[in-house]
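Going in written order, the chains are labelled A, B, C, D, E and F, and every chain counts its residues from 1.
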């Protein structure tokens, strides 16, 4: 824990392949500076998002080694090598991964005497909304998912009556209408698609309608804790798949976002469903990172199976790096404001947000 | 010219690289069949558009050699080898290219005693609207251009007020508001962008407003013949560039569609303009085929210059092959209906459409 | 008596003004026709003058004509108005 | 005379009905207050009875009270209505 | 039964009668209550006649019945058989005979009272006023009838610059005779002078007015007849006459004003026309073609009583950005049980799919959008085709005129529907630059103005229904 | 100057006076004409008083002037000084004294005519009717005043199950005394009996009615006073009294009905309450907190007279899909010169940017959307904050209640604006499931119902203004 009044925040360049985001954008650097923080930015940190070093300098940051700072803010989890460069007693903030298999990371941090704050573990409560990076990045992903669908579909999204005939509107189905799903629905509808949403949480029906979409009711409910869905029982799963198989036919674009915290993503679109879809249709699978909602998804790739294009992007928000980084930076800023009291960095474990987000609190 | 009552129409597989469209889609094959035409489709002709051979067979076509038919319908111009396979006396329909340098093609067709009908030469008159393939393909291009902009922009198109701050709407400028330009404006606006249109034809102002966009008035008018723009004089060009340079700054996405028939596309976005644009912005240049409206465009490629992404796609409609082919097929169908009177193929050169579209009429 | 009649006249005028504030154009003609039928009330004038003993052949002829006129005004007026209003009568149920 | 007064009564009733067809809620209270002031016209009754020579001290006292009452009704009524209508008076120019 | 003949009873019946008139009239101002309103007024009339019949001392029953019989025999068939298109002239005629009755009664009163020898001034003044106005109304209405029935030429007939002085002179003669009578003159020639001069006045005022303005003139004459009836009531001290006549006079005046406004005319201008003054023709458009104009309220009523309305949007809707208003309108209509569809022509607007973009923005359900081929068979079953800023795509010249630049273009056959309402700003042509015959069709009515403003006005009217 | 005292002149002045009343009343029904309407009616009253003063044979001038002086001395300061919030009870008081005047005049008439010894039946009936109603009105109004002024307890006071029979008995006694007088009785005790029994009736009927229903009751008593004035007019054969009284009686009845409807109450239910029958309290909400309801027309008027309106959309707007209607409303307001902004809370709705998507669909210009930080400083300059289906994002508990689940969340400070109108369907909480103190604020009024329906109703009202 840093004792100096002058807290220094480090912003490394993201090393994960394809990661174009950056943990702090110049605009937010400026704000943190005026709040009394010093910011050290690794040269080229904003390059992926097309933000040059001099923008950071202009905002008041210094270029240098970010790893030696009191607080290091990242997007993706650090490599072992990077962990080795962290200053003992410092705080690391980022998507650190809370899955059991990633406990390795927590151990490494504890060994290094570094506090790790996982952005994805921040509870979904009203007070924490401004730090909710899952929401902010899901918004980006949902928006981009709708665009990906439009791009890969061999047809128009909107209806078009022209001298060369009428093109009917594309029918778009979104499975899993959380933050990303709703955004995908809204975006597809904006583009003129006919949109339908589905989820296992029944309260979502009203939300789906509130973005002007239809609600697909399959009669299966599965409400879990903290606003999340729970995993389905075997029977429910089978029933759901049966009904979904029937429902999916006739849709031109199927966007899937279904996740259950801490588990493999549920399979919602089977090979049978894909076969039954019209040639040229598209499946956009946002659950690629946790295995995919579509049986045929190849995470990170675009494949054509049975004349249907299946897109399973990994790390979609990284492909709109500026906005994604900007929103993420604001989340980081809000978290920093919570952690810093009277100019001192303080992890107050009585605060439910801090307690939930800290992955290294074991002692 | 075919004398038999039984006219046979051939649909070859497109050979041009990246051309995913097909001249007739199964739906239109069915219609032509019921109008008494026989259709021969080259195996795999619809493959690029994800339309399988059996869909064609189902619609009543036979698979076989399309080049020996009375009428051959294509999208792109044929290669020399393909011309060699055409039956003397037959009719070839497609985008044949009417530019001076392509006269070679007309000569080759004449040598082979084949009538060439160029889709792009059909006059823009009311009666010919259903055959107007330029319009139908421009619609596709305009729609996709807006999507390309959204995809390459590092920011959101729409405004988004979220717990992690507010993202302002992207400002989109469309230079050249013909068919493609208007469609791009409408599509970008649907996605939530703030849209502005510009053209040298003054009557376009009202049309730009009629899709809910602003009109950028630079005070330069250049109305040509047949509803097209004329080329600008040297002075006008300089003046236009000067004013555009100022105007372009501040836009996040610039989509250019400006064309002047039979000429190289005018340069509207200079390197200076690109340099002045905000990092992460995008230029989508639809005039790539005729050299591009942006100085820095590399036709067919996506390049990043001065932190601005410059996209200059070639043959954009081919990336939405089903809708593009469907509209194109309907244009072909309308033209065939004009050419066939009482079951006989007849090129009536008194008809202004036929006269204008035929590129081999010299004798 | 005269002044009370005046009061009545003024009040009736206000009623007339107040009743017709906003009438859809389609009802202009029926309304005109309806008010037209109402002023057929002049029939009463003719009835009273004849009934209370007008004498002389010419006067009686004139009054019979006046009664006929008034009757035409009243009877024809209401009937014609009703016919004009035909379109508002039966809106058959929709699918 | 009585029947003519009856006719006047009925006509006035119609005027009253016809005038108040649709009033925004905000005007309900001012309108009530305005009509309230108008029925202060009873003042006239008191004036006539006293002015045309009511005799006897009690009667005169009662009538003076009635006149005072009527005056309060009229004067206060109109003034209070006007104050209620204050918000509709001056809409200052907007930016 | 003697209490029945008590004057109080009769007066009370009169009160009931005029209450019914008023109540009926209130009903006549709204489409839902109009039919009943008319019959209530008729019941009121029956009560009034009955009450009069009860008057003590009534006689001459045979003559009375004769008159009523004649009137009924003429009135009922006339009202029954008249064609819907001839309604206005029928109203003119009925109004005229009403005025005639007033004039005749006034004349007889003069004769019976020997020139009002023993009557107070108000009786003579009221009677003479009734005579003058009634006579003007009778002759004026007959001219109006003649013009509309095309017995007289519809074009203005005037004596030129002399018109105005002549009319004033006639009025003066009539008034002078009246003043002479009030002042004590008892010669019947004075009365005849009034009747004749006012008859001439009626003729001279209405003859110079064009056919298009006739409805307004008839309404004005109607109001005048009402006033003359009220005057008769004053003279005869009959409450029913006073109230009924005055109500008609007042409401008729307002109505005349409303009608004139709806036709973009002013009453003074029309009457000035009658007096030889200004006031051009009210119809616009090419010389020998006329278009029929309509108003937002009419369009609203027509559509709300339709079964099926087809909206035909065009470039004008886009220019006006009226899509949201259109959607509002459709919703109002649907809530009234009207089926609403949108006919989307392939080239409506200025870019492929132009209408789609706009209507999707306004959240119009896709199922309501109909393609040309699909909807063209529907127009014959459509009550109202509402053309919003579309022009070329509805132009029948595409079918009929080989020389037209749009010849051969498929169009929306809006002219097959029972009626067509066209919303545009003026008579300017569309993209193709050609005139549109549709606008001159007898089934077509134009609602001029910016499409958004017009549609919003229609929405408002629909809500008020 | 003798013609001035001619009865015809006086009657004509009366006609002018009541014409002014009617014209003034017409004015009072619209916000633009109300102020002038009130003054026209006042001028009418002045003319009526003047005309009466001209009546030949008027005397007792000193006494008359004394009465007027006393009335003016009390009336003017009372009307001037009363607080805006105390207006209703002031109206009740003024109405009461009017009724009192009627009753007193009736009493004196009885005394002067020695029990109507030589008067026709209609005079005695009318006078006794006036006495009864006037007295009820006087006492009833005073109770209403006392309740509203909190001199009497606001809660219903009733004698339980005996209420109804008792009231009927009192009415019967009054009527019986009246019948006795008409039948020829001349004892003053009969008159006193009428006055006393009706006084008790007035007290007993109004006492059991709750404070919330008072405005309706006052309006009803107002209409009754009008009727009693008309009756006095019949008795005194005074046209001005008849017309003015009857107009107030009729319009007052309609107005009472409108008021009751606007409060979702029925007059019978309220009066039945007075007679000991049903009719619960009219306000909803938790026991010791009450919310104030408003109507679409009020919201419309309030906003149209505002300088700046801030719309606060929330999830409810999305559920109702009210965005297009909201845009329409803003346009109407803007056309009236009102500045309209939208305050977009970062987490309004259920997904990031939820409001943006909807408002963009409705074509709201981006410049009108204001972020929280930007608009929070504006609320103190805002006349009306219109909260459309937003709840949590306006909940002051986020600032004030550390135990609340939303404590610490930044909110839109709508409670700083001059007044707040909240559109939602009922009192159910939002996403966070907590009650919202804002709704019980004295500056807040609730407009219950589906947001789209409510906004559309407001649009309609705005258009009608």
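Everything that follows uses one rule, which is that a contact is a pair of C-beta atoms (placed from the backbone, for glycine too) under 8 Å apart; a residue touches a chain by one contact, two chains touch by 3 or more.
What you are looking at is a predicted structure, and each value in this text was computed from that prediction instead of being measured.
Listed by label, the chains that touch chain B and also chain E are A, F. Of all chains, the one whose CA centroid is most distant from that of chain D is B. The chain with its Cα centroid farthest from the Cα centroid of chain A is C. Between C-F and C-E, more contacting C-beta pairs join the chains of C-E. One finds 68 Å separating the Cα centroids of chain A and chain E.
A straight line joining the Cα centres of chain A and chain D is 71 Å long.
Between chain A and chain B, the centres computed from C-alpha atoms are 37 Å apart. Chain D and chain E have centres, each the mean of its CA atoms, that are 40 Å apart. Each of the following residues of chain F touches two or more other chains: 18, 22, 26, 239, 243, 321, 346-347, 352-353, 357, 360-361, 363.
Residues of chain B in contact with two or more other chains: 129-130, 135-136, 139, 158, 160, 162-165, 167, 190, 192, 212. Residues of chain C found to touch two or more other chains are 1-2, 4-5, 7-8, 11-12, 14-15, 18-19, 21. Checking each pair of chains for touch leaves A-B, A-E, A-F, B-E, B-F, C-D, C-E, C-F, D-E, D-F, E-F. Listing the residues of chain E that touch chain A in their complex gives 344-348, 352-353, 355-357, 360, 363, 366, 369, 371.
Listing the residues of chain D that touch chain F in their complex gives 1-2, 5, 8-9, 12-17, 19-56, 58-60, 62-85, 87-89, 91-95.
For chain D in complex with chain E, the touching residues are 2-4, 6-7, 10-11, 14, 18. Only residues 158-169, 192, 194, 212 of chain A touch chain E when the two sit together in their complex.
The residues of chain E lying in touch with chain C in their complex are 18, 21-22, 24-26, 28-32, 34-35, 37-39, 41-42, 45, 48-49, 52-53, 55, 57-61, 63-64, 66-68, 70-72, 74-76, 78-80, 82, 84, 87-88, 90-91, 93-95, 97-98, 100-102, 104-105, 107-109, 111-112, 120, 122, 134, 215, 218-219, 222-223, 225-226, 228-230, 232-234, 236-255, 258-259, 262, 294-295, 297-298, 300-302, 305, 307, 337-339, 461, 464-465.
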